[in-house]
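Single-structure report; data block below.
Should a chain be cited, it is by its letter among A, B, C and D, assigned in written order, with residues numbered from 1 in that chain.
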Amino acid sequence: MSDRILRLQHVEIRVPDLELCTAYYTEVLGLVETARDVRDGVDRVFLKCWDEHEHHSVVLRQAPTYGLDHMAFKVAEAGDLDYFTDKLQAVSVPVKRYAARELGPGWGEAIRFETPSGHLVELVHGMERLGNMLPMTNPPPRPQDLVGIAPPRLDHVFVMAEDVEAFSAFFIDVLEFRLTEQIVANDGHQLAAFLERSHTPHDIAVITGPNGALHHFAFWMDDWNGIRDAADTLAYHGVTIDVAPTRHGVTRGYTTYFFDPVGNRNELFTGGYWVDPDFEPITWTEEEMGRAIFYYHRQVNERFFTVHS
Amino acid sequence: MSDRILRLQHVEIRVPDLELCTAYYTEVLGLVETARDVRDGVDRVFLKCWDEHEHHSVVLRQAPTYGLDHMAFKVAEAGDLDYFTDKLQAVSVPVKRYAARELGPGWGEAIRFETPSGHLVELVHGMERLGNMLPMTNPPPRPQDLVGIAPPRLDHVFVMAEDVEAFSAFFIDVLEFRLTEQIVANDGHQLAAFLERSHTPHDIAVITGPNGALHHFAFWMDDWNGIRDAADTLAYHGVTIDVAPTRHGVTRGYTTYFFDPVGNRNELFTGGYWVDPDFEPITWTEEEMGRAIFYYHRQVNERFFTVHS
Amino acid sequence: MSDRILRLQHVEIRVPDLELCTAYYTEVLGLVETARDVRDGVDRVFLKCWDEHEHHSVVLRQAPTYGLDHMAFKVAEAGDLDYFTDKLQAVSVPVKRYAARELGPGWGEAIRFETPSGHLVELVHGMERLGNMLPMTNPPPRPQDLVGIAPPRLDHVFVMAEDVEAFSAFFIDVLEFRLTEQIVANDGHQLAAFLERSHTPHDIAVITGPNGALHHFAFWMDDWNGIRDAADTLAYHGVTIDVAPTRHGVTRGYTTYFFDPVGNRNELFTGGYWVDPDFEPITWTEEEMGRAIFYYHRQVNERFFTVHS
Amino acid sequence: MSDRILRLQHVEIRVPDLELCTAYYTEVLGLVETARDVRDGVDRVFLKCWDEHEHHSVVLRQAPTYGLDHMAFKVAEAGDLDYFTDKLQAVSVPVKRYAARELGPGWGEAIRFETPSGHLVELVHGMERLGNMLPMTNPPPRPQDLVGIAPPRLDHVFVMAEDVEAFSAFFIDVLEFRLTEQIVANDGHQLAAFLERSHTPHDIAVITGPNGALHHFAFWMDDWNGIRDAADTLAYHGVTIDVAPTRHGVTRGYTTYFFDPVGNRNELFTGGYWVDPDFEPITWTEEEMGRAIFYYHRQVNERFFTVHS
């Protein structure tokens, strides 16, 4: 018996300026650097949030352009890699297998494959455990020496695909994700889909756009006050805030969007609700898409659809 | 493949004054009454929280004394009832099986058995789904006509047992719960254990005390401000507040404790952290038990250990 | 010895649809209706916030167009009306005096005059006291039966003037307000001014625009969570939200803007800081006007400058 | 025309261990050290909160025992010192006058006198202005490099007196404070009184106890979340928390109490309401004293009445 896919494990992000981005992600966002590595001539910096126990949740990868290299989901057991390899091969999706540490420091055993939308996806098991930054005995609720925003953990990733329905079908049928919410066009086709494994409104979401694109990745914050304090920190450091603290209709979550120094969109997210496996999906109509995305403004700024990586 | 036990489904609570308690749970706590039933001469009132989709999460049962009749956990699939029946019988625990609606209105198919501590536990599947109080299309984040405190859902149950270690061993070995935190005496034996299935710090917890006793059951609140507003509502209605809003060391959660009109302890809870199945349990020492339970005061009022139901 | 002007007492607002606006201000915003009156053929509805003690803080006045009829400030003593009459006449501003109840039900003794920008201003003393909605002995912190947003009190008014400097000079020299913050153009002239009597960042503010115009009036909220909950209520009722919850640079305050059913802009405001009479004013430069007004977005939507009443 | 007494300016506190207390007040509480001074053989450390503009609001004074040396209130104009000297001498209270800087670095011109309860009170004007920690042009809402709790300002002082009525009569009649709330015994005499000049529920309060005693002094926090975060910081540093975050009935404020390293009680306070000079005082009865002080628990721990300095 296995839980199969548990949650989003990490994103690997392309950044043209590795040092600038490392400074931003550690000093402003407040992640912790856990390793640096050069492999096949590519420099990478490994980061984790303070309350995560494993080696990394964000990998910065030196590259000519910004965007998403790949996203990885944690599976509960090593045997799940075989299980999904079989399922993927049964639908003719090529799968590559990697031994522990083969993909980088602290890395677990993994498989990789492409979605119909051309996104590179990894399933991983057995990441090196570094512990969160608290003692195992009589821990305080939070380290006192955190810097910057310091979200406790990575939350979800949001990508774009030309064919949203094919994307969600792949995640549902093959990877056993569950649909929580969707935005549906007047002609009935899916404009956006929100999919989960962790009993939250989304571990991954997808909206209509260019194949392979990243819309944003999001970190969890503990509450609406934390989102506001974070916006103060972003403003203080001159970070470009895309969308100031507000609320989503979809997920009911609280949010703020902003850009890292090279143009990757980040989100801070909190709220949501508990999702049982038998959760009946919520549908948003095309007319209410504005409200679905930004519940208070009821309209979406143009950047939301046109700026991605 | 099944997730097995997903979360706490409901508690059935004994109350000597059914009408008074119904008024309290609906008007002050703000649950929704979904049914009334008389079965075997026993009056019961069925309640749910607004954001729960199933028929009930709290059942009030007319009885001469207060306390816990039983607690029920939701399983992901009907086959899980067979699976756990086998596991229970393998360790010589008698299991009774009930058809859907046999145990009451809206009730699912269920099995029942006793823990070593004499608590009656139910696993249930296929509860009647009533929906939360929002539309399935373009829903607002929250109904506007809620009354009282109106927590979105039940969170966990906290019981007492003479042999805490036997209790947690039973939940871990047979029911496949996972230990997140424990309080350990200087002589090494477990004084309290916190156990989860829902990737949160606890779905059930147990502390040293009389077998079969209920310490409290808890509802989820969205944030620390909600806990405070709830305390205002409790104070306004003259509810006896046991512990005003504060923080736990264990679970890192925010809390307030209070008593229903017949003496069952309720809690409002928020916070906590994400728990992977490979989470390494946290240990609190006997010296730090005060801090473990009430992080700010560092000491536990006597009522906490001596008043239960 | 007198404190002279204490704070904003009320605004009288023109509304083409009195019943619709009364419904909005009582059911959505959650003010309390205290009186209705017809005088000189004009229908008016009198409203107060729950924690205000006096007869009214918002008066709705049936009129063909929306906008501000007048604003009134409370003075500490009846003699202050004479004091300011003398000061106004000394600078050749005509003053009209009104006996108690002459201007409407519950009204105090008052003087009225025009600012250089053509705004009608009233100073008032001896309003009828209705009490807030709590008992004078052992009161709870808040009534439990409030509806809608229910801000505790009116906070400030924000108007427009062609000549901001003349406006602030009049308020400072004649009415003894104090400048807390200003936005100054590159050529050195004042684009906006924030003026206080109540030791808060502003009781009245003015920005460049048409003489006599109202930009908005604002109610106090207790915290950032209250602002969010209010935005949920506004969205639920289909109120047009102009600016979702965000932060000002000027005043450091938290805010959300929205429109009443006929187009008068309302604000909910909280935060700010304590202002001593010897407070040294803060200056914002023209380049940073965006940040001054909306600290996170750093730019002001066009509506902010062009839509007023 | 003068506002006379504006607010609490500072407290001077006796501390047997000056270095330990300086470390606590700067590193845990997060005040800023502005000066050190030896005068008449007594070492003193001068501290201010970050958002205060003047030289100091807390003075630590090396002394054999802990407790209150004196409290000082800010007056609006130098002439107010003469005004109150006359009023004090008219009721036969001896007054001492001090030139600027005579009492210490940054100090203003001042008068000092004793209350009937034997508390030393100072009125002061013309303190040296250091500015808050933000620029005068385009300031961010808050410095980013604050340490510890970092409340923005001192709020009020709470003392004890054998004769509460004589104490409040002195503050009302001579110093022109206004009564906002009182706790009254069944026999009609005042057990506690809350007095203001700053339009808030209290600048000073007094409760029955030994003459000359200090119960606590309080710093302002911006909201209930700030109080909670502060409690985390206190707990982390092992500070003795007297009362965890809760709510007062009197003042409606949110609070947490704790002790400095030598036993002086500190409070963090937020909330309250606006007070006009014509505010009608609220009365709490002896039976409801518990609720008046701790609204949720309805009872006062014994320490509250017996531990003071």
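The rule is simple: a contact is a pair of C-beta atoms (placed from the backbone, for glycine too) under 8 Å apart; a residue touches a chain by one contact, two chains touch by 3 or more.
Computed from a predicted model, the values in this text were never measured in an experiment.
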| item | value |
| --- | --- |
| Per Cα centroids, the chain farthest from chain A | D |
| Result of counting contacting C-beta pairs for B-D and B-C, higher pair | B-D |
| Inter-chain centre distance, chain C versus chain D - centres from mean C-alpha coordinates, in Å | 31 |
| CA centroid of chain B to CA centroid of chain D, Å | 44 |
| Distance from the mean Cα position of chain C to that of chain B, given in whole angstrom | 48 |
| Residue list for chain D, restricted to those that touch at least two other chains | 140-142, 223-225, 232, 235, 247, 291, 295 |
| Residues of chain B touching chain D in the complex | 224-225, 228, 231-232, 234-235, 241, 244-247, 254, 256, 291, 294-298 |
| Chain B - residues contacting chain A, complex | 1-4, 6-7, 51, 53, 74, 76, 129, 131, 136-142, 152-153, 176, 198-199, 220, 222-225, 247, 249, 252, 271, 273-274, 276-280, 282-285, 288, 291-292, 295 |
| Interfacial residue positions of chain C with respect to chain B in the complex | 140-142, 144, 223, 225, 232-233, 235-236 |
